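The following pair of complexes shares a single chain, chain A, combined with chain B in the former and chain C in the latter.
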Partner chain A sequence: MLFAFDWTQLAQQTVIGLSSGGTWALLALAIVLIYRSTGVINFAQGEMAMFSVFIAWSLVHHGLTYWAAFFLTIAISIAGAIAVERVVIRPVEQAPVLTVVIVTLGLLFVVDGAARWFWSPETRTLPNAFSTSPITIAGVAFSWQDLGNIAVSLGLVVLLWGLFRFTKLGLALRAAAVNPDESRLLGIRVSWMLALGWGLAAGLGAVSGMLTAPALASFDQNLMQPVLLYAFAGAVLGGIESPLGAVAGSLLLGVFVNLVGTYVGWIGTDLRLPVALAVILGVLLVRPAGLFGKVSARRV
Partner chain B sequence: MPRSSLLELEDVEARYGQMRALHGVSLEVGEGELVAVLGPNGAGKTTTLRAVSGTVRRSGKIAFAGKSIARRSPEAVARLGIAHVPEGRGTLSELTVAENLRLGAYTRRDRAAVREDTGRVLAHFPWLGERSDQRAGTLSGGEQQMLALARALMLRPRLVLLDEPSLGLAPKVVAEIFRIVRELNERDGLTVLVVEQNANLALDSSSRAYVLEAGRVALEGTSAELRRNESVRRSYLGY
Partner chain C sequence: MRRALGMSLWVAMVSAGLAVFLFLPHFVSDFHSRDLAQAGAFFIAIIGLDLLTGYTGQISLGHGALMAIGGYTTAALIVHEHWRDVWTIPLAGIAAGIVGFVVGLPALRLSGLYLALATFALAVAMPSLIKKFSGLTGGSQGLQFLESSPSQVTGLSGKVTVLGHTMTQNHFLYYLTWSIGIVGLGVAWLVVRGRGGRTFRSVRDSEIAAVSSGVNLAWTKTFAFALSGVYAGVAGALYAIQNEIVNPLSFTVSISILLLVGAVVGGLGSLSGLVLGALFVEYLPTLSTNVSTREGVPDFIYGAAIIVVMILLPTGAGGLLRRLARPLTTWLYTRP
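Coming up: the complex of A and B.
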């Protein structure tokens, strides 16, 4: 039987996929930033982003507009993460990777507990960042929310790329990540660069969270847990060492998961997370370096 | 003897964990001098440079331009104008040639002078200009050594610590590197403390030299004197 394929639906679902993929990409980028400079996955990254969302919620609750709260939250998150790095991570800077991983796991529970202690467990909402009315492009209706998410995510990625590519500070961050000993000899304060990396990562996570929350009917302290898993899957798919890969991987994953959920009936919305986990497993088995990663030989 | 002394080590000890690598080294580098440190493997040559730049745990007296630097971090030592070109060249492998040079001047705030110095450095190493967008990690060993030296110059250093510039390089490349170092010393008055296995080359280029053995200074003198010294000739010059 012949039937007309619904191209409109495909376009809409692709954009929705890019929208969530974009928010995952920011958190994935945060994970890759820290991983590249320390060789450690910061398991607390998602909970830190959640904490940022609650800060934004409080600011909005006290009368700030969404966008005022947005920028203020980024600033607070960066400063807060730098402080956390100095207090919690710096003492174990020279310790084996496993020690640092355990410390980030501990941090996960501390941040999570703190958020539950400060803010009661009821569900909350964050106002929409963009108009809720649809926009019609070439006869297909999209939501401003999705297009806005994509624009903010990609804009931030470009901004960050510019920072790392063209500014002296960005070069120093990259140098400190890859060649810490050599960087020290050039007068680069490597330890502070790591702290700054934490700050940037937290800023990215905050944006990821603040774009994620308004799209939900309501949220609580668990809101970033699936996002962290998707972000991790995106980063692994793109190559955990590659910032570009993390972004591309997350976008691809966003589209893939959404299309699979749309067109494969029995997956629907419930099994999207397992699909992401399957992607992690598949990539690690078939191509551990990811799509954009280089297979690296490490001196030990 | 040195003119006004720029770097002074007195009774410097250094250790890696439990292992002592320097047992009281004293040496001096005068402003504008090119001083060489010779010695067999494991004598403490590299460690001596690392003691100065602060990349090894050290004690004793280390003074630079009259100020004690014995307790300063590598970052702080670099900020005083000491450029350490480590063994293995220390290129920032993921960054391009141009980015490496730019970070050589990381601590400097005088943008105009940095631009001027970029021009001067490129005059010494013209090929660096053509390769400016190439990743440093993909350069050959000799090219990386020259890049490391060029990057050190971007600090507008008062002192360059040069560790085994000849390591693993073809004789022709080594000769070229030493020619440039000598030129920088003679023409621009650059002060250099160079560690070198190749004693012939080191004594040819330097005005004075120290011979290290087992973490101590065994001999010191002008390079011409050391050249005539029986034991130096037998042990290091091979005739």
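Coming up: the complex of A and C.
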């Protein structure tokens, strides 16, 4: 070999990739959650998360600590998203899917416009959730922040899985998604389950945003746009029907994008997204339902 | 008797539409004719998108990229080959049609959201691709018609004479765009009214049932993509001619989204309301800046208007028109 391969760098870059992939995974999970119950991609998911970050910023600005603002913001986001679902999505519940998709596009503009309206366009910073000092594991230095992001993301995924798997509410949510008509006969309030799904998704998005923002030197109203694209890509890569696939797809994508950006010179930061999308396209052509998706048989 | 009445009503409506098309520029300012011409370019692209998404059920979030192919074909022919701008339009359509065909090939394996992502990827990647081939496309500077070959820009002197009529450049652009738009609408109507439309719709409603009935799925989908690409390419060419410049920012992702909004507002799966969809996406941003120019407020109003329109008209303007005309059509087509 002409040069010594730097295993330390590889390990570091992999963890950094997992860290950003983790925040994408949360947003991807939010997208999958809504997609599974309504068959609609919520294009406003990223902007809603951005709005949550600005709420968190205001709370921190008024003297709350990061973690107090963190939990308060999640609560506000869940309540806000349920309200938005009731006002905006419920009237088009019975409309064609593309109509609902366009409504979420409209919502994207509304939320983005509102954030620019309420908060001036200057750049802002959020305090770091975790210590910025490095930690050395097996001779390789990692940052606490990256490890913390991974831990919070995975913890939340497990929590959500527990909610869906072990609680009555989770069962009702799943039932409403799989078979709305029969669920209604069994006394599940399907429409409210959809609203709750929106709330949970917004909560996930809020966490994703609040983990993304401190990692940046500064942020403005555009902060979640790339995250949404990567999350969308990660969800599709894993199979948009599968929550596990969305998480795995996002983590894979995070590592892949970061390694490619580091090791392949001509890609740099500019072409990361197009390259990522091209790779996903390649994967989809081989496995049209994503890596973990099942090809579903449809009745004619 | 009723049939004859129906026919004459139809003829009356078409001639009323044509009259509006012919005389509208004389009632609005010269400047507004240019806005209307741009709406016409959107109109053409939206017809193409409706054929693909509304009739054949293939969601495209990347029609801006196909418009870019058309726009850059026109620009390259004018700037590098010194063609006259108007004559580049057919070639732009053909070029985008070929690209549409190629994009349609992977679409044979993908469906629904996966196809949406694939086309979206194309739209996202397009500006970077354009910058990469800077020799042909002028990189991030773009191609400017006025600087490089002003003699090929029709109406630069301020006057254009067509068939003995002299008009301003903006009126010329209006008539050029909307004449092509009307022809495009006619062609689309011919395609969807008979066998072709039934084939498209069968693919949209159930691929399996369509195949069982003898529809060639691969051919239908790629044909729909190619046809839709021709429309987008012509629209892109007209858009480039109107702006007299193309650069990577002319055809961003937002234009793809805009077209989809226009198609849904106009009414997917029908041709009658698409004009309204085009006018909606052309004028809404201007109207919302008129309300207030405060940071964020125009976007807020823009989004809110989209939501309100979709809640009030879930099937778009086309659906509304069909509903309004139903008593009349039922009466016309029932035997007494």
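Throughout what follows, the second predicted complex is superposed on the first by the 293 of 300 C-alpha atoms of A that agree within 3 Å, B and C clash if a C-alpha of one lies under 4 Å from a C-alpha of the other, contacts with A are read in each partner's own complex, and residues count from 1 in each chain.
Rule of thumb we're sticking to: a residue touches a chain if its C-beta (ideal position, glycine included) is under 8 Å from a C-beta of that chain, and two chains touch if they have at least 3 such contacts.
None of these values were measured; they are calculated from a predicted model.
When the shared chain is aligned, chain C comes close enough to touch A:L98, but chain B does not. Once the two complexes are overlaid on the shared chain, A:A206 sits clear of chain B and of chain C alike. In the superposition on chain A, contact of A:L160 is made with neither chain B nor chain C. By the touch criterion defined above, A:A175 reaches chain B but does not reach chain C.
After overlaying the two complexes on the shared chain, residue contacts for A:I82 are found with neither chain B nor chain C.
With both structures placed on the common chain, the touch criterion links A:R184 to chain B but leaves chain C unconnected.
Within the superposed three-chain model, A:A30 lies out of touch with both chain B and chain C [touch as defined at top]. Once the two complexes are overlaid on chain A, none of the chain A residues touched by chain B in the first is touched by chain C in the second.
Every residue of chain A that touches chain B in the complex is listed here, in rising order: 168, 171-172, 174-175, 178-179, 181-190. By the touch criterion given at the top, residues 53, 55, 73-75, 78-79, 83-84, 86, 90-95, 99, 102-104, 106-107, 151, 155 of chain B touch chain A in their complex. The residues of chain C lying in touch with chain A in their complex are 53, 59, 106, 109-111, 113-114, 116-118, 120-121, 124-125, 128-129, 206, 208-209, 212, 257, 260-261, 264-265, 268, 294-307, 310-311, 314-316.
In the complex of the two chains, the chain A residues touching chain C come out as 35, 41, 88, 91-92, 94-96, 98-99, 101-103, 105-118, 120-121, 229, 232-233, 236, 240, 270-271, 273-274, 277-278, 280-281, 284-285, 288-290, 298, 300.
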